[in-house]
Every structure is written in structure tokens, then in C-alpha cells.
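Shared between the two complexes below is chain A, which has chain B as its partner in the first and chain C in the second.
Presenting the complex of A and B:
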């Protein structure tokens, strides 16, 4: 966490204000919703999305009052998707704590997620900028498509890189790209500048998700805050698996393991071992590096201010993170 | 069940718009998720908006969009509620969450149309209200629910949305404020009767709100050409298989 705090130091004070405003905004009347919203807020989280929005705004006409609702809405949308993801995956823990669905059940989790989604839109609508709303709406639809495709294609061991990219673009990259894009848009950047930051966020999002998928195989579950091997159990084909299926001498066994629906813990461990042995992790890391480089390549066109350095460091942090 | 004849072509447009917008990489919504719908589930929300639109025959395209939006909100919420069922299959649980989310996204995208964006706030607030209702139902799930509590729940979960459909459709149709209010009351009553009929817990609520709905229609009939709304009411009463009381109400309409 320390390294991340360091890269966000440009906007630390404003991120603190975002946090406080989120707490205020989610202090709602309904006693259950008030508890579930606060439970989610207190679960922590990296708050990377508001960070991206604020840092992107720094290059232009930075107006915190205008950026605040956008940053809050994007974080709330992210929270809502995590709550629903945990219902979809039947996850029991997140960030080392019971998930909302484990603690309160699916009905309350889904309703809380929907309520948060509405609260996020309430924030966005307040800005009264139809273009900002449209951008967010488009991303919400695509996120839905990506998640649906992920479930549709689970246990399908014939997936390729392109299909994987389709999913992770929608699942993660579009929202991070949007955080940067809206930060720039609200701060009156021109078209080219908006494109540069949007591309940066998009590439970083792709890299972020690949790293997430790598960590699901290689991380220390205590540091990660949840058990590893979740994707293998749920049949979600990630990039290390796709490479292992393609290049490993043990590919027929990997295929058999990944295709199987109800795996024993021993089989999950065996799959992890074979994927690590296949070189799939290293190949995936190369793709991470490619996206990080692609993302930061055009940043040099933007003013040389501390935020530029922060965005570059953030990209490196995403690539190297262990949680 | 007879459909409302005067809106047949618009209703078909709503259906094809929804079918087109809910296509997922070579699968349709129905192929991904088993979700049974009766005639009211399929048509009631679009029918509210379209019949109100027929009163003035203005803004046909906006009405069709508005009708789709209300159907999306209703569908998203109903599909999300599939997770409440015990022993729900894993795939049903997963698709119900994700398809519901997708439909909420689609709702917001359509609201971002120039002509409808001014109503975005009201949609957002009604989605909040619906979920407050869901949570209230959950809170009372192991208790005996009084008619009063039950009415609050269905008012939030369903009637708030039918009321908004009435209000916005009346606004889009360009009706004056007092008429908007009556139509809103009519639609709220329809929502209450519909939800109470579905669960069959308090039949008195069904009758109470049907009578209210009829009264609101009567109050409008001398000032507005409400034939489309009367047809809609007939369609609704048929949909909930109303007994003699319902038939009596209809005799006055036909």
C-alpha cells in the first residue's frame, strides 16, 4: 500500500476529501443499506479509480469541485460491480473479510449493488453533462457484456488471446480508461489529450487485469486477501492458462484439469503447478509490459508536471504489484 | 389475453428494439436465462407509456424509447430477484445478476437521449426506491407482515415505477399538470393492484386499488379522450383474471 500512496501523493489531500464525501453520501436512511454501504466502504480498497480521475485532471483546468462527483461516481460503480461479482462467483472473502453476500446473503447484496449503481448515477446526473453520462452508460453496458461473456465461456479451453482480450477489456480496462477520460474531459482537455489519457487508462486496465489473473496463480493468499486458484475453480480462462494450454508439454493434462467442473483441491494445486511450469506466467508478464509501455508512450505529449511522473510510476506499480 | 389494439404497432416496435438491444454475442436474453413472464410482465409497462401517448398522439419515437426504458427497469429488477429463490441453480444466479446489471446499463444509456435526459434524476431515484423496498421485504421476511408494511413494500418495489411511468408519459404527451396528476394516481393504483395480485397475500389491496384506478379514470373521462387508457385498463383487468367485481368495472368501459 505504501508505494501506491506515494504515487498518489499529488492528489492525496483531494483523495481524502473524496473518501469523506463518499462516507457522507452513502450515509443513507434505510438502516440495512446504511450498514451494507458502510461495510463496503470500510473494506478499504485501493481507490485507484478516483486517483486516476484526479491525476488526469491535474494536466488541465483542475477543478476539484467538478471532479469530485465524477471520482465518487466511478468508485461507487466499482464498488457495486465488486459486490455483484462476489454473488456471481459465490466468493466468501474479499480483502481478507467476508464478502457482503457471505455476511448478508445474495438478496441484500444484489439490492445493495443496485442501490449503489443508482447512487453513482445520481452523482453523475447532478453534473448535468449529458456527454459524461453517455460515456459512463456506454461503459456500463460493455462491462455487462464482458461479464456475461466470461460466464458463457467458462470451462471453454479453446479460447484464444483475442477472446480473452474481449473479456478483460470490458471487465476492467474500459472503466479505468473512463476514469482517466472523464478526468480529462471535465478539466477541459482537448480531443487529443483526452485520447492520450483514455488510452493510458485502457492499457493500464488491461495490464492490471492480466496481473490480477497472474496473482490468482502465484500470489500469497494472505497478502492477496482471498484464496488463490479462484479462476481455475470457476473455469475462467485467463492468459497464463491460455498460454499453458498452447505451449506446455503437459497441455493435455492441463486441458483435462481446466475443463473439469468440480475439481478437488488437489487438482486445483496440480493445475497451478503445471501452469507455473509451462512458462505461461512469464509470457503473460511480457504482455503486461507491452501494455504498460503502450500506455505511457504518449504521455510525453502532456505537460511535464508531477502528475505525469505519478501516472508513469502508477503504471510500473500496477505491473509489479503483489496484491 | 387481448392486447391493447390501439398501440399494437408501437408495442411491436418496443419489442423489436428490446430484442435487438439485448443480443449477447450470438445469444439472446432468453437463451441465457430461463425466466418465465406472463402477459402483464411482457407488456404492462410499455402499454402504460404507449396508451398515455395515444391520448395526444404526440412524440411517437420518444414514447417508444420511454416504453423500452421502463420495461428495462422492470425486467432488470425482476431478473435480479431470481437470486432470492432458494436452491437457485448456479448458472441462473450468475446470469440473473449479470443480465440485470446489463439491463440497468441499457436503461441509463437510453435515458442519455437528448429528449429524455431531463428525466434521468427521476429514474435514478426510482431505482433507489425499488431497492429500499427489496431491503424492507428482506428485513421483514421472518415476521408476519401487516397489510400496512406490505403496502409500503409493494409501493416501493412496483407502484413507484408504474407511477413514474404514468407521470413521464403524461409529460411527454404534453398533458396539463392536473391531468398528469390523475394519470399518475391511476398508474400507481395499477402498480399496487398488480403487485398484490401476483403475491396473493392481501386480496383486499387488489380490490381497493382497482376501484381507485377506475375512479381516477372516471375523473378524466369528461376532459380527455381516454379511450386508450380504458382499453389499457381492460387489458390489465383481464391480465389479473379479475372476478365479478372486475367484470363490473369493465362493463362500464366497454
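Presenting the complex of A and C:
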């Protein structure tokens, strides 16, 4: 986390303000919602999304008052989708702690997510910028479609790279792309500049998700904050698995293992071993590098300010992180 | 249903258009979402909410083009909350058919509800009326709070009338109140007129929910479209139960029954018998009548047009319906 904090140093003070405003905005006198919202806020989210919005704004007419509600809406939408995703995927841990659904049950999680969506709507109304609202609505719809895709594709060992991309685009990349896009938009960037930052965020989001999926197989679970192999257990097909299914000499065994519901711990370990052995990790890392390169390629057209360096470092950090 | 159709006759043609536009707007090329959305649309919802919006508009400067997106947003929000409520309450049937969560599972239901919320957001953005958006956001937040309250209060035999009202206000009344309010607002009603229709909708919503709760105990399950006693089974404390718990000589047995999870069918039947015997139904009906009276009281200040008669008939229909 330390390294990540460093790359956001251009906007550290303002990110602190975003955090305070989020706490204030999500304060509610209902005892359960108050607790679940605090639980989510204190879960140590990286606030990467507001970070991207603010950094993107730095290149142009940076106005924190205008960026703040946009950054907040984006983070709240992110929080809401995480909560519902954990219900959909039946995930038990996130960031080293039980998920809201594990700790409070699915019903409370569904309701908390709905409350957060409603708060995001309140914030969007406050922003009162039709272009911003349109972009947010569009991405929310696509995220909803991604959620369905995630369910449909679970335990589906016949998925290909294209289907995987469709899914992680909606799960992660569109929102991070939008964070950068809106940061630029409300800071009065021109069309080309908005496109450069939007593309950066999008590519970074894809890379980020692939790394996430790699770490689920390769990481140290203590550093990762959750047991590894979660995707294997939950039947979420990730890029290393897709490559292993395609190229490994053990593909029929891998197929059998990944398709099976309720795997034993031994089977999860065997799957991890076979995926690692298949070269799927290395192939996935190459895709990460391609997206990182594509994402930062056009940044050089933007003013050479510290935020540009920060965005490039962030991209490298995303590619190389171990948690 | 026949009688209800009759009271909406002032707006039948336009309601048909709302239906068509809903079908068009919720068409999506994802096969699962396409199916779940059609399933929900064909489930025979009464489209009461768009009906209220249109009828309320009739008193003033009725402009269907302006009312349509508002009516659609309201109905879609309603659909989304129904889907998530059925997850939260683990309901198995609605309107004579399996709920989406029973038929497709909780994950698909959560995702479908999220997709619908996102579509509602898209529609709200299209409306592009800050006052309308503010009202919708406010009510969505309150509905989220109601959802949590529903969970918290389940199997809680110590609830009182006030807590019950808090809950059904958020579950039902606020949205119906808003349907009338927005119908009047976008048709350029004045403040007093908006208040009259908003109050009408709110009171009708309260009455509607109490009748729903009564019917869950007294109805013929074939006419109702779902087995009776559902609230008792799911631990949802309703007004007849609250009165029975307070006034019945069998209150300790009722307490025991209602508090128990996983009741046998015999116990559900016994609870129904004891609640009926307690006089809780009659007491609840009196509250329904009070709200109906309060709701229609000020309608006489509005122009004497067929829609006024329709609203009054609708109120009586809500009070007297058997399904």
C-alpha cells in the first residue's frame, strides 16, 4: 500500500477530503446501515477511483469543488457494486476481512447495496451535469450486464479470451476509464485529452483485473488479504485458466477440475499447480503489459506535470503489484 | 383486475403506450437479462404507478410526452425494488408465479435488479429535470432504508404500530405518493395541488399495503395468486399481527408462533386462526378506512373531471379488493 500512496501524493490532501466527505455523506441514523456503511468505508478500499479522477483533473482546470462530488459518486457506485458482486459470487473475504455478505448475510448486503446506489443517485443529482450523468448511467447499465455475464459464465470452461474481456471490461475497466474521463471532462479538457485519459483508465482497468486474476493464483494469501484460489473455488474463469485450458498438455484434467462445483482443497491446489505449470500466468502477464503500454502510450501528449509521472507509475504499480 | 382496469379508463390508451415503451426500453441483447426483464414485464404487474402518474396529470396541463419517461422511471424503480425485496424476504411466489429469485436464483435477481436500477438512472437522466430527479433520489434512499428495516424487524414480535408505519411508508407509500406528486409536478400544478395529490398517493399507498397485509391472512390463495400466510412464514410482522399480539387473550401463544422460524404448516394455520380471532383484521380495516378518507378528503379542491372520480374509485377499490 505504501507505494500506492506515494503515487497518489499529488492529490493526497484532496483524497483525504474525499474520504471525510464520503464518511459524512454516508452517515445515516439507521443503526444497521450506519454500521454496514462504516464497515465498508473502513475496509481499507484503496480509493483508487477518486485518485484517478483527481489526477486526471490536474492536467487541466483543476477545481476540487467540482471534482469532489464526481469522485464521490464514482466511489459509491464502486462500493455498491462490490457489495452486490460479493453476494452474486458468494465471496467470503475481501481485503483481509469477511465480506459484508459473509458478515451480515445476503439480505443486508442487497439492501446496503441498494442504499448506496440511491446515495449515488442523490450525488449525481447534486452534480447536475447532464453529460456527467449520461456517462454514469451508461456505465452502470454496462456494469449490470457484466454482473449477469459473471453468473452466466461461471464454471463455463469453454470461455474464450473475448468473453473474458467482455466481462472484465464491465466489471472493472469501464468504471476506471470513466473516473479518468470525468476527471478530465469536468476540468474542461478537450476531446482528444479526454479520450487519452479515458483510454488510459480503461486499459489500466483491464490490466488491473487481469493482475487481480493472476494474484488469485500466485499470491501469498497473507499479503493478498484473502485465501488464494477463490476464483477457482467460485467457478470464475480467469485469463490464466482460459490459457491453461487452451494450451496445457493437462487440459482435460484442468477442464475437469475447473468445471467441478464444490471442489476439495486438494483439487483447488491441483488446479493451481496445473495452471501455473501451463504457462497461463506468463501469457496473462504479457497481456497485462500490452494494456499497460497501450494505456500510457498517449499520455506524452499531455502536459509534463507530476501527475503524468504519477499516472505512469500507477500503471507500473498495477502491473507489478503483489497484492 | 377487471374493476381496476375500469378505474384507469381515463388513461387506458396512454397506459398501453407506457407498456409498449417499457418493453422497448428494457429490450437488451443479453439473453439472460432479456428473459428476466420479459418475465418481469409479463408477470402482470398492475402498472398502478404509471396509472397514478397519468391520472394526476389529467387535472392540469396534461402532456403525455413529458409524463411518459417519468411514469417509466417510477415503474422501473418499482420493478427493481420488487426483485430485490423478493431476495431479501426469500419470497417464492408473486402474482401467481414463482418470483424471479425462486425461478432464477438470488444471483440473477440481484444482477437483474441492479440492471433495472441502472436503466431507471438512464431514464432519469433523459428526463433532465432537476426537481424530478431530486424527488426520485430522495424516495430511493428512503426505500433502501425501508428494505433494511424490513430485515431488522423480521420475527420481531415487539414491534409497534409506529415501526410498522415507518416500514410500509418506505416499502410502498412514498413511491405511490411520488407517482401522484410527479404527475402533478410535470403537468404544472401549483404547490397546493401537488400536495393534495401527493398526500392522496401517500395515504393510498399506506392503505394499499395494509390491505395487502390483511389479504395475506384472509384471502383465498387462488384469487390472491400466492399461498396465504406468507408474511407469517417469512417473519414479516404486519398490522393484523401487531394488533393480535397486543389485544388477543391468546397473545402469548401468538407471540410464540410468530417468533418461531421454520414454522410447520399447522403452526401457520394456527397463527392465521388466532389472528383472525383476535379482532386484528377489523382493527386494521379501520386504519385502512382512515387513510382512504384522509387521502381523498382534499381531492374535492381539484377540478371535477372524470379522473377525480377515478381516483376516488381507485381508493375504494384498494380498500375493498380481495386480491
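Convention: the second predicted complex is superposed on the first by the 323 of 323 C-alpha atoms of A that agree within 3 Å, B and C clash if a C-alpha of one lies under 4 Å from a C-alpha of the other, contacts with A are read in each partner's own complex, and residues count from 1 in each chain.
Keep this in mind: a contact is a pair of C-beta atoms (placed from the backbone, for glycine too) under 8 Å apart; a residue touches a chain by one contact, two chains touch by 3 or more.
This one's a predicted model, so the numbers in the text were calculated from it and none came from an experiment.
> Look at where chain B and chain C land on chain A after superposing the complexes, then choose clash or fit.
Verdict on chain A: clash between chain B and chain C.
> Which partner does A:134 contact after superposing on A: first (chain B), second (chain C), both, neither?
both
> For A:223 in the superposed arrangement: first (chain B), second (chain C), both or neither?
neither
> State whether A:305 touches chain B only (first), chain C only (second), both chains, or neither.
neither
> Which holds for A:88: it touches chain B only (first), chain C only (second), both, or neither?
In the superposition, A:88 touches chain B and chain C alike.
> Check whether A:34 is in contact with chain B, with chain C, with both or with neither, and answer first, second, both or neither.
neither
> After superposition on the shared chain, which partner residues are touched by A:125: those of chain B (first), chain C (second), both, or neither?
A:125: touches chain B and chain C.
> After overlaying the two complexes on chain A, where does the chain B footprint on chain A coincide with the chain C footprint?
Looking at chain A, the two contact sets intersect at 30, 32-33, 81, 84, 87-88, 90, 106-108, 110-115, 117-119, 121-122, 125, 130, 133-134, 136-138, 140-141, 143-145, 147-149, 151-152.
> Residue numbers of chain A touching chain B in their complex, please.
Those in contact with chain B are residues 30, 32-33, 81, 84, 87-88, 90, 105-108, 110-115, 117-119, 121-122, 125, 130, 133-134, 136-138, 140-141, 143-145, 147-149, 151-152.
> For the complex, give me every residue of chain B touching chain A.
Touching chain A from chain B are residues 24-25, 27, 32, 76-77, 80-81, 83-84, 90-91, 93-95, 97-106, 108-109, 111-112, 114, 117, 120-121, 124-125, 127-128, 130-132, 134-136, 138-139.
> Spell out the residues on chain C that touch chain A in their complex, using ranges where they run on.
28, 30, 32-33, 81, 84, 87-90, 106-108, 110-119, 121-122, 124-125, 128, 130, 133-134, 136-138, 140-141, 143-145, 147-152
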